[in-house]
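Which chain is which? They are A, B, C and D, in the order written, and residues in each are numbered from 1.
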Amino acid sequence: MNAPIKGSVVKRPLLSVEKLSIEFGQGSESKRVVDDLSFTLNPSETLCIAGESGSGKSLSALAIMGLLPKMARVPEGVILFHDEDLVGLSERRLQHLRGREIGMIFQEPMTSLNPTMRIGDQMLETVRRHKLATGAGAHKHIRDMLEAVKIPRAGDRVRQYPHELSGGLRQRVMIAMAMLCQPQILIADEPTTALDVTIQAQILDLIRELQAEFKTAVLMITHDMGVVAEMADKVVVMNQGVVEETADIRKIFTSPDAEYTRKLLAAVPRLGTAPTRVPQVFGEPVLEVSNLRVRYPMKSQGLFAPAREVMAVEDISFTLHQGETLGIVGESGCGKSTTGRALMNMVDFEGDVRVMGTNIRGLKGAALKKQRQDIQMVFQDPYAALNPRKNIAELVGEPLLIHRRGTAAERERRVAQLLAQVGLPEADAMTRYPHQFSGGQRQRICIARALALNPRIIVADEPVSALDVSVQAQVLDLLEELQKDYELSYLFISHDMAVVERLCHRVAVMYSGRIMEIGSRDQVLRNPRHPYTKRLLAAVPVPALDRKLTPAPLDETEAPNPIKAKGHVPPAVRYEQPEEGHFVAVSV
Amino acid sequence: MPIYILRRLGYAVLILLGVSFITYLLLYMIPADPARQLAGRSATAETVANIRAQLGLDLPFYQQYFHYLMNLIQGDLGRSYIQRTEVSALISSRLGPTMELMAWGIGFELLIGVSLGMLAAIKRNTAIDRFLMALSFVGVSSPHFIASMLFLYLFAVNLDWFPLGGYGEFEHVLLPALTLGLLGSGWYSRMVRSSMIEVLEQDFIRTARSKGLTRLRVLFRHVLPNAIVPVIPMIGIDIGIFIGGLVVVESVFGWPGLGQLAWQAIQRVDIPVIVGVTMISAVAIVIANLIADLLVPLVDPRIELDKS
Amino acid sequence: ADPKPGGDIIVTYQNDVATLDPAIGYDWQNWSMIKSLFDGLMDYKPGTTELALDLAESYELSDDGKTYTFKLREGVKFHNGREMKASDVKYSLERTANPKTQSPGAGFFSPILGYDAVSAGDTTELEGVTVVDDYTVAIELSAPNATFLHVMGLNFASIVPKEAVEEHGADFGKNPVGTGAYELGEWALGRHLVFEKNEDYYKEGVPYIDTITFEVGQEPMVALQRLERGDVDIAGDGIPPAKFLQFKNNPAYEGLMVVGDQLHTGYLTLNVTIPPLDNLKVRQAINMAINKDRIVRIINGRATPANQPLPPAMPGYDEGYEGYPFDPEKAKALLREAGYEDGFTTELFVMNTDPQPRIAQAMQQDLSNIGITAEIRSLAQANVIEAGGVQDQAPMVWSGGMAWIADFPDPANFWGPILGCEGAVPGGWNWAWYCNEELDEMGDTADAMVAEHQRDDRAELWGSVFIEAMADAPWVPIFNEQRFTVRSERMAGDESLYVDPVHVPVNYDYIWVK
Amino acid sequence: MSFPTVIRNLCRHKSVAVSLVLIVTVISVAVLAPWVAPHDPNMQYFDGLTMEGAPLPPNDEFLLGTDLLGRDLLSRLIYGAQTSLIIGIVANGIAILIGTLVGVSAGFIRGWTGTILMRLTDLMMAFPALLLAIALAAILQPSIWIVALVIAMVNWVQVARVIYSETIAISSREFIAVERTLGASTLRILFSHLLPHLLPTIMVWATLGISTTVLLEATLSFLGVGVQPPTPSWGNIIFESQTYFTSAFWLVLFPGLAIILLALSFNLVGDALRDELDPSLKGRG
């Protein structure tokens, strides 16, 4: 700072965290999960905390908010916001700061929204609490905010409940909610994990706008080095509760001090770096999907209002072969998870789904149970997918028990092995409960569970979105290894193009419930035909400095409204085949 | 939704039919001859036989029931054996007071139960929690007669805050309703406490707090609606349990309700009145349950009404 | 002080009033209410069991003792304003006797000539009742009957106006019209009834009170509390047992409580047809085993021990009779003689409201002292009555709560239904199933003694019937219960009016407010 | 976790330890009644009443006073524990069991099975249980087991209703749907996944049910279905003497306390047991 602002002697940081420690448990059993964390945050600045999954990032953020779980203690450290120490601040005072001065976006959007309240009301509450606007103004403010996070048809969405939204939509609601008051500090815990890259780019841009306009300081927790490169001014790298390195963004990317930082950077997957593949020949088709269609009934608006449906998946067909990985990418809310859920028989659907040759529609009893051994899913929202009353050993061992694999001792060994494979070797992990883990750890628990049975097919819905790159690499290696050894087939839903490029043999691009383009990896990612695919690829952040994305003023045509009258039949899509095995939808 | 309601109403008719049948059958089986009750102790055997014949009590069971049903369909509940008055007149003169007391009683139950339950959940494992727990057990374990009498002696006789029983003014309903409310609130407070504890641990509570909401707002807008879901069906159930306590409380407080009518009728095997009151309370219970079922998905949108 | 007219009083009851139709009402609560609304040909002197004329100005008995000719009072008006005539008497009696009316008291009219035909439904007219002129009616009986004048004093013989009965049909009981001292003002079902003074009442100066409000649905304990406060003038249900001692021993309430005898006996029936109770020695043993003094103590002395079926106030009561002494040793000896030295097991039926089960338990303990195991079956009133009326159901029944209170003060009323052969039928009230035709005949002889001069002989004859029955020991007479009425300080009138033996429980016509 | 450890952990809290002791005491006293009761529970002592026939307040001879027939209240409470425990624990337990089973199956399976089960529940709920009791009383020989039967038959209904709604709420949660995709059978989901979530509710009903069923027993016995005099039970001691509560408070106070303490103890132990067996609540915020 060459030209200090007149009148101010020393520029104080907005937030400074000094020697913060967080512990769980009492006495000898106590476990220190954050140790000696220090950093400062200035207005308009973005500080990224990157690091290993489970290294205490989320807990540190919660400590700033004064929202640590009751069982957690802060044995030492101060958190200064302006002049106030947030540690041990009165609840009343904190209530004034929260939301208004410090906003937070939570890591897991499904469980972080009140299931019994419309999202509009949940947002309105913040507006009213901090007296930002009243009456119609408040409603408008909310709609504007939802539109700012690129939620289409915000007017309709405000009346929906969280469970009716896709993962990405929920996350955007969280973001919108935290930004409503334009807080001085915005804490964002993995804010874009569930977002496709185009939206991610726009959200990041939005955050930057906020920073510019209101001097908002952003504390961003992320494992995506691309996002770090995009956003950060300063970076804190954490590993196992301790800070490995705190440095300027430039230093981190150019000459990192810590061994761990170097390791982390080395593990970052970069789009376009995967070697081109020789076309492979795969075995039998294990999964054949034809004309799959899923619609969710909407709550009727009144007694006589016509029944409406959400067209989540509309007439899609594809085939997955033995040993093959099919990636599904696409914008948030386009129906990826729904497709996966249909394959798992979790939603009612039309069309045919054949797993290992048998049609699963209407399958029951023993036949269904048998089929379950062949196909397993890793769910997008790991926390919601885990029974909170079961410990990890029980959860991961559950499929083995259900299908009577091995003796109790064998099962226990298998569970331990699985946990080690996904990078959760901690001795006490087995007896802990889901809420005692970090977001990334829970995601790995879900992966371990899906792998337990050695299924033939795994539907993986954003399986590594919450993992730091080194752990992510470990998990991806594991998946590849298993594929090699057992000829597993994966249906891999992800928005991370680099990961998709690394893992997938073929890629399908979905948009608004339909497949827009499908073909081999190289065909789709290296030679995209459909404009939507091109737009998607352009938005991928790059983990390198000085390559700020300008979120392209992309094709601004709105996505078609998925809410239709019941029984509506949209026109069919026609596909062109520019190359062998490469299909591209032609707009109609 | 309208279809669902229609179907439930259809079931309700079946249920009422079932209730009337079983009630009638049981009364038929009870060894106590209404004709003898009517005829009194000096009656000769022929007087008794005569009365029996006139009431149709000498007919086989199915005929008696069939007659009753036919009349019922025409809205005729019959005449009381003892009072010799139309059952419908007896019931309608008492239905209003009973509903009034019931509404207030359940209102107090909810008010007391829910707020104490919330308090206990927030103060979990503290002395306050323990005290409230003991209180709820005392309430639930107190015989209505003793509790009503105690309240009456304490608040009406000694402190003179309330009138000594009676019916008519608003002040009359307060004490009996409070008694019912206090005694029954234990169920609600225990239920609310246990579901609150669960909800308080959910992540979305943390989100709500992160927005800077006051404790009260978090409690009432976020915790309560989620915690109340298991409590809603309680209201439907409560009507049934409530009627038991109502009989006693009405009689202690001189409240001219159905409870007294029912109690007298049962003691004197006044079949038309017993069946009539039973049917009325069955209607109330069935409707309350239906309403409870309809309310639940309104509070928790994840729950679907009729999913097969 | 002299009676003072005027004033409004409040009387409370727990149960709603069943009906005010004199042909139907038959419980102790509406008994005196009906008496205040209606009049019959005969009544009793207030507060006594002494017969007196009412609507009849005079009567004559024919020499054969079969025909009574009543001269009616002239100018007596129904509440609807019409004058009461002899035809109304005929109508009223026939209405009660008519089986369509379903009157529980129809059987009382069986002495009247032609009753059987009416009862069988062949005709609606009683052959024996003739309207001589507007103010004279003659009633012929099939045989002389000493109780007949008492029957004419029963509520069932009240005079009702035909037009009002026909107007209201089955609801006459809710819209009573009579000639009585009061007329019904308002009746809010389940809440209260208001009796208003009949300004046209034929008896000069009676009644004294302007309005009587009967508040129903009042818990007796609360009613008493309200009475202590002065909110209530008469607690109709009396003093609940739980409050009795407190109330009695509280000097503040001295004078509020009125004690009187009633025509009541509490007894334990021993079913003479069920072994081993069919053995006289066993029944006698039981009679000697039960400690009546202790039972009286348990109910706080609200009764006097009894040794014979008739209550002391009843003509025919034998003061010299000593009954069976309380002597467990002797009782055991008797059992041994009967061949039951090891005792036996039997059942004791009892109605389930306090204090009846307690009394039964006291008996149970006494019986167990001589080796008899009596299992208690505590049931609702209707079930006990039902069980008693089935021959092989109930070996022993404690009559408490359902006990016999005489319909009219005559020993005959204590015999037939509860000890005579006519009651020992399915559905009857003779739960001992005791049938001694010889004694029945003696009763008939006594009842035929209708002449005035035969009164004492008749009473003596009846007395001996009961004493002889006691030799067969079908009952264990336990006690004669007393009545306790509480009234507020402002209530006046002779104490006997508040425990009137006939106008049960209170003779509303003659009480007054200070 | 082994049984002794569970017990040891439970006893860490003083109140829980006291409760456990209380429960064990009550049960053993009930079983050993003939040896521990100071008097014959049915003996109507001549000097157990005043000359006017009033019961005696607690004194040296009769530690908790005498009842309206001059019997020793303490001894009656001790013997009465037998009946009350059978009702409060066995009958109530069975009712809870049936209710839970019906509610869970109806709520989880739904469809026709659910409809039929729930409408049956509605029917039972709308039906006056007292009438059933009166009918049974008159038809059958009274016994404690009939009361137990009636209570079990009548009391499951409410439990079923509550459990039903809660089951529906829980089965709409994601992890249950996920469990199906693992191939878990319906039974497994019910017992292994749903039930633990229903435990708190079941606990509430089970423990409060102890009080209410013990009192209900008295009502039913009064109508002639259950134990007949002079057999004591806590409920019938209260009911026999409830109108005397102003003149002889001990007659309702002591049995009332016994009922409340028993129910409370079960509640405390149950709560602690649940926390012990379900540590998912530990470490929560």
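The rule is simple: a residue touches a chain if its C-beta (ideal position, glycine included) is under 8 Å from a C-beta of that chain, and two chains touch if they have at least 3 such contacts.
Remember, it's a predicted structure, so these values are computed and weren't measured experimentally.
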Contact-richer chain pair (by C-beta pairs counted) among B-D and A-D: B-D
Chain closest to the assembly centre - both centres taken as Cα means: B
Centre-of-Cα separation between chain D and chain B, whole angstrom: 21
Distance between the centres, which are taken as Cα means, of chain D and chain A, whole angstrom: 49
Rounded Å distance, chain A centre to chain C centre (Cα mean): 88
Approximate Å spacing (C-alpha centroids) for the pair chain C, chain D: 45
In chain B, residues with contacts to at least two other chains: 30-32, 149, 153, 201, 206, 229, 266, 300, 302
Per-residue overlap in chain D, given as positions that touch at least 2 other chains: 134, 138, 173, 243, 246, 284-285
For chain C, residues that touch 2 or more chains besides their own: 221, 380, 383, 386
Chain B contact footprint on chain A (complex, rising order): 62, 65, 67, 91, 95-100, 103-104, 106, 108, 111-117, 125-126, 129-130, 161, 163, 174, 177-178, 299-300, 303, 383, 435
In the complex, chain B residues that touch chain C: 30-33, 36-48, 50-51, 54, 79, 82-85, 89-90, 93-94, 149, 152-153, 157, 164-165, 167, 250-257, 260-261, 264, 266-269
Parts of chain D lying in touch with chain C, wherever the complex brings them together: 42-44, 46, 49, 51-54, 68-69, 134, 137-138, 142, 222-224, 228-230, 240, 243-244, 246-247
Footprint of chain D on chain C - complex, ascending: 221, 240-243, 245-246, 294, 297-301, 352, 354-355, 357-358, 360-362, 364-365, 375-380, 383, 386
Partner chain B, residues of chain C touching it in the complex: 14-16, 18-19, 21, 24, 26, 99-100, 102-108, 110, 119, 170-171, 173-174, 188-191, 215-219, 221-222, 225-226, 229, 231, 380-383, 385-387, 389-390, 404, 407, 417, 422, 425-429
